[in-house]
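After this come two complexes, each holding chain A, first together with chain B and then together with chain C.
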Partner chain A sequence: MTTELSSANPGRARRQMAADILSKYGIVLAFVILFVALSFAHQNFLSTANLTNVLRQVSINGILAIGMTYVILTGGIDLSVGSVLALCGVVAGSLVTGADPANPALAFLAGIGVGALVGAINGILIARFKVTAFVVTLGMLSMARGATLLYSDGRPIPNLSPEFRWFGQGFVMGVPVPVIVFALVFIIAFIVLRYTVYGRWIYAVGGNIKSARTSGIPTRSVIFSAYMIMGALAGLAGVILTARTTSALPQAGLGYELDAIAAVVIGGTSLVGGVGSVTYTLIGALIIGVISNGLDLLGVSSYYQQIIKGAIIVVAVLIDRSRHSNP
Partner chain B sequence: MNSAPQNGAPLLEVRNLSKNFGAVQALRDMSMVVRPGEVVALAGDNGAGKTTLIKAISGVYQPSGGEIFLRGQQVSFATPQEARDKGIETIYQDLALADNLSIGANIFLGREPMKRFLGILPMLDRKKMADAARETMALLDFHVNRMDAPVSNFSGGQRQAVAIGRAVYWDAQILIMDEPTAALGVPEQRKVISLIKQLKAQGRGVIFISHNLQDIFAVSDRIVVLRRGVQAGERKISETTHDEVVKLMVGG
Partner chain C sequence: MAKTLLSRRLMLAALAGTSMVAAGFGLVGTAAAQEARIAAVVQSLDTEFNVLWADAANRHPLVEDGTIALTVLDGRMDALQQSNQFDTAIAEGYDAIIFVPVDINAGNDPVQRAMEAGIPVIGSNTLISDTDLYESYISSNDVEAGRILAESVIEKMGGSGNVVIVEGMIGQSAQVQRLEGIEEALAANPDVTVLEQRTANWSRAEALSLVENWLISRGGEINGIIAQNDEMAIGALEAVKAAGLDPAEVPVAGVDGVTDALLAVQRGEMMSTLQDADAQAQGAIDLAMAAIEGEGYEPRAAVWDVNGGEMAWDGGQSQQYSVPWVPVTADNVEDLLAMRQNQ
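On to the complex of A and B.
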């Protein structure tokens, strides 16, 4: 890989440099090409209404994907986010339905709180009791969905208060509220990861947990907190998604973990941990959003869309592996 | 600089140190001394207790019995961090580097420098990390063109230098090195040996675990041999031979 730069072969070094640049910015290039292609393929793609719609769609998955980036950077995975999102959605929704709705801010915080709690349970099992993240969160995927159905009696919770729905449907200076929330989450996540000690610890834990531990980094707390942050963000996404639709749906968020993981992986974050960034995850989420929207516009059946999305993930991992493997 | 080894008061003294893991006694009544500017080699077969000993000294394990003195003062370390704060730095066999991070990030791993952004928000001091990396590596006569590259891009010897550089930057008085030359080619082994000599000349104490008797005889002042968790013998390097050391290691 890069060590070969020092080898006395300028042609090879130049090719290697080109490959480095391509692997770094290829994802941006892919997004631009996709964007331009869809602009030509369908006249409505570039319309303000459609792009707003895409951004709103991306916001939900983007919020999940940012949390997923933290978790994956530590070397873990969270498969439960879709179910946790639904659970938080019905909890928040149940507070703001009917004749006497609670303060929307309370519902907002309750949703995030429930998510953080579930994330904390995941985190304790993984960090403290050393159960594999895959197993813990797969179990939680089922448990949180069950809890959601139990809590809502399996039925949608209708008549959410208009004040609450502002979180999903409102605008501030012409920008949809979900997009603003997503932007804030992204900026904070970016700064924390790049400029704080905590962010450095996330990378250290994912890079070499043994060295992190012997260097005095509280590895358990770091891992625990990543899952808790992920849970809280799943709660936030659940609140926003619920506020966007008019009722809280117990079957919301089915398969969302796939989109979130896809955004992270397409962004080039290594599933082994330690390498990646939320910036690339943002681009990954935009790519998924634009692909879904484009396929919708072009009238491609949603069955095909699932196949295409799954294939993209596998290809992204393949590309990533060939990029990181040392010959 | 203190260039008169053997005479100074002990930097580190270990008395009757023991460590049990359940019913297994990995270390029993181990005593040793390290003086300023002295390189002490730990030798012994696999499972002789060398790694247990250094982990007990560096705060990774809590000793089951015995005492540790640093410059005459009794100490006990609940974590590796506490040992490091007192100037005991360990460089483990697996280097203890985060391969995905830069030299600067590795030097400061677990002790990241902070500055206040706008006077309030605590932020990583990235510039300080980069500067420290450049200065420390120059001090060790170690030059790479890409200081911001992850250390996975470097060779084994270079990575060893990063680990040593980290200890030097933090002004460690005692460096514990677990098989520092094991994974290296011959030229890089020489480089590490000369790094150890440099540390010695600076008056630091070095505890050096190795299987390689050649390396041990090249840099050490004394050798302590362990066998099945107990001290099998201690010799001045100038007064012993490979054969004697091997005999001590295998017993009989």
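On to the complex of A and C.
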């Protein structure tokens, strides 16, 4: 989990800084080029309706990717988010189905609460019992999916109350609710990471856990909290997805962990921890969303979409590595 | 340390031993009390249709009264997993295997192995490509489903206009055959143009995004949406509604008759055709029993003509049985929903 990032060599530091700036601009540049190219390629791409669509389609993966950024910054990984999303979705959905639905706010909070609880279990196993994050969350991927199927009987939960569906389908002043939620999550995550002591701790733990510990940072609590935040955000994403698809689907979120990790990696956050930001994750998520939307608009086969997405991930990691390795 | 480890191992061994003995007794017990052991290898218990199928199978009268010991094995949408489950079922010496294959071609080989081991295999729902290997099979014709599906949309459109097609996972028998039926219907209606045709992998969330994007790229051109299953049709319907369009103006149709689709038909927002899980599952069990017991066996499922149903039993000796599709209409949707509550 530890990594060597700082260097005493000033020449190397300068070169690294130059590469750093380049790689960061590279991602923004890639997004701008993509955006402009699609604007020319399809006349409706820039329409308000389409941009609203893109943001709404991005919001679920974006929320997951922001939580994933926290986890990866601490040097960890969470493979369970897709299953946790489904579990939280069916729990929330089960509360607002049928003739006597519960208050939608209650279902909303229940979904997030279940997610936070599952995240806390991951966090305890990883931070307190020192089991590798990959293994713990791989186990949770399977357990949470099993719990989802058990809870829902393997069937979708239909007939969700209209008040609950507002979380996925509603608008506030012309902006879809999922987009507003995503924006709030991003702003809070950004402020916490950049301007609070806790944010600095996250970077310190992922940068060098030993020196973080010796400088008095409660490393266990920091790691634990990152997984709990991830779990809560997976729950939030599950609630929104459920409200959007109008039924709680037990098979929802299959493979979503990979898209969330892809957004983080495309955004240049280092998989070994300590380096990265939610702003670039946001751009990473937007790149994935815009590619998928643009290729749909242009009528390109989804087979190409998968190839293009995969190629971008690999290129992003290549850029990332050139930033961190010796020149 | 060594001692605790040793004692833990001993404990584990003792535990394993006890459970094996218990399992052994269980097996002996069931073999004595039951006439038949049937294994059902299904696609995946993550999907609603397979769950309905398995529930229906477990509600077969002979399963309920203990004459048949039915084991449902979850293939987890993985052809290799199913192949392994066949090996297990063959080694365990089941009397018959009912098979809902994940893959149309990869399913041939396991069935061949079971046949060589002398275990009859009954096909149900989806089929393998080499149907000669089956003892018998019972399914609904997916080509016909595709045709009914496309015709329902075209009829609502008044026989002309532009459609988009949302396809299932490419290469699966349902995708291939339903498309064949859709194309037959399109060939018969030259005034209908296909604007877009893409897969959404049977997924509601994928279809939602796809159709949202099409509604942008194709503006007001889309007059109808043909989805190869209900999950995707519901995703398409949500996209239509989210775009502020009237579902009555842009007809959407799917296949399967999942609960959400029945509810949407009830609201008058889409069209669907029910795939009869009860008939396919319980019918398959009767066919398995006919294979085990021979010609004198009396079927128990309600679908057979001898029990007041629509399908000809033929003494259980035919090789192929075709379960009719049930178009979901405003008239029968209440009954179907009531039935679903009890499933």
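Miscellaneous remarks
Just so it is clear, the second predicted complex is superposed on the first by the 303 of 327 C-alpha atoms of A that agree within 3 Å, B and C clash if a C-alpha of one lies under 4 Å from a C-alpha of the other, contacts with A are read in each partner's own complex, and residues count from 1 in each chain.
One rule holds in what follows: a contact is a pair of C-beta atoms (placed from the backbone, for glycine too) under 8 Å apart; a residue touches a chain by one contact, two chains touch by 3 or more.
Only a predicted model underlies this, so the values are computations on that prediction, with no experimental measurement involved.
Annotation: superposed three-chain arrangement on chain A; chain B versus chain C shows no clash, the two fitting side by side.
Once the two complexes are laid over each other on the shared chain, residue contacts for A:I217 go to chain B alone; chain C is not touched.
By the touch criterion defined above, A:T48 lies against neither chain B nor chain C after alignment on the C-alpha atoms of chain A. Of the two partner chains placed around the shared chain by superposition, chain B is the only one that A:G199 touches, whereas chain C remains out of contact.
When the two complexes are superposed, the chain touching more residues of chain A, out of chain B and chain C, is C.
Rounded to the nearest 10, the angle made at the CA centre of chain A by the CA centres of chain B and chain C in the overlaid structures is 140 degrees.
Of the two partner chains placed by superposition, only chain C is touched by A:D153; chain B is not. Looking at the shared chain after the overlay, A:G207 reaches chain B, while chain C stays out of its contact range. With both structures placed on the common chain, the touch criterion links A:L297 to chain C but leaves chain B unconnected. Across the superposed structures, the minimum distance from chain B to chain C, using CA atoms, reads 13 Å.
Chain A has no residue lying at the interface with chain B in one structure and with chain C in the other.
Listing the residues of chain A that touch chain C in their complex gives 42, 44, 47, 49-50, 53, 57, 149, 153-156, 158-159, 169, 241, 244-247, 249-252, 292-293, 296-299, 301-302. Chain contact summary for the complex, chain A toward chain B: residues 1-3, 194-197, 199-200, 203-204, 206-208, 210-212, 214-217, 274-275. Across the complex, chain A is touched by residues 60, 79-81, 84, 90, 92, 94-101, 105, 109-112, 114, 117, 122-124, 126, 146, 149, 153-155 of chain B. Contact residues of chain C toward chain A in the complex are 45-48, 50-52, 196, 198-199, 203-205, 208-210, 212-214, 216-217, 219, 234-235, 238, 242-243, 258-260, 263.
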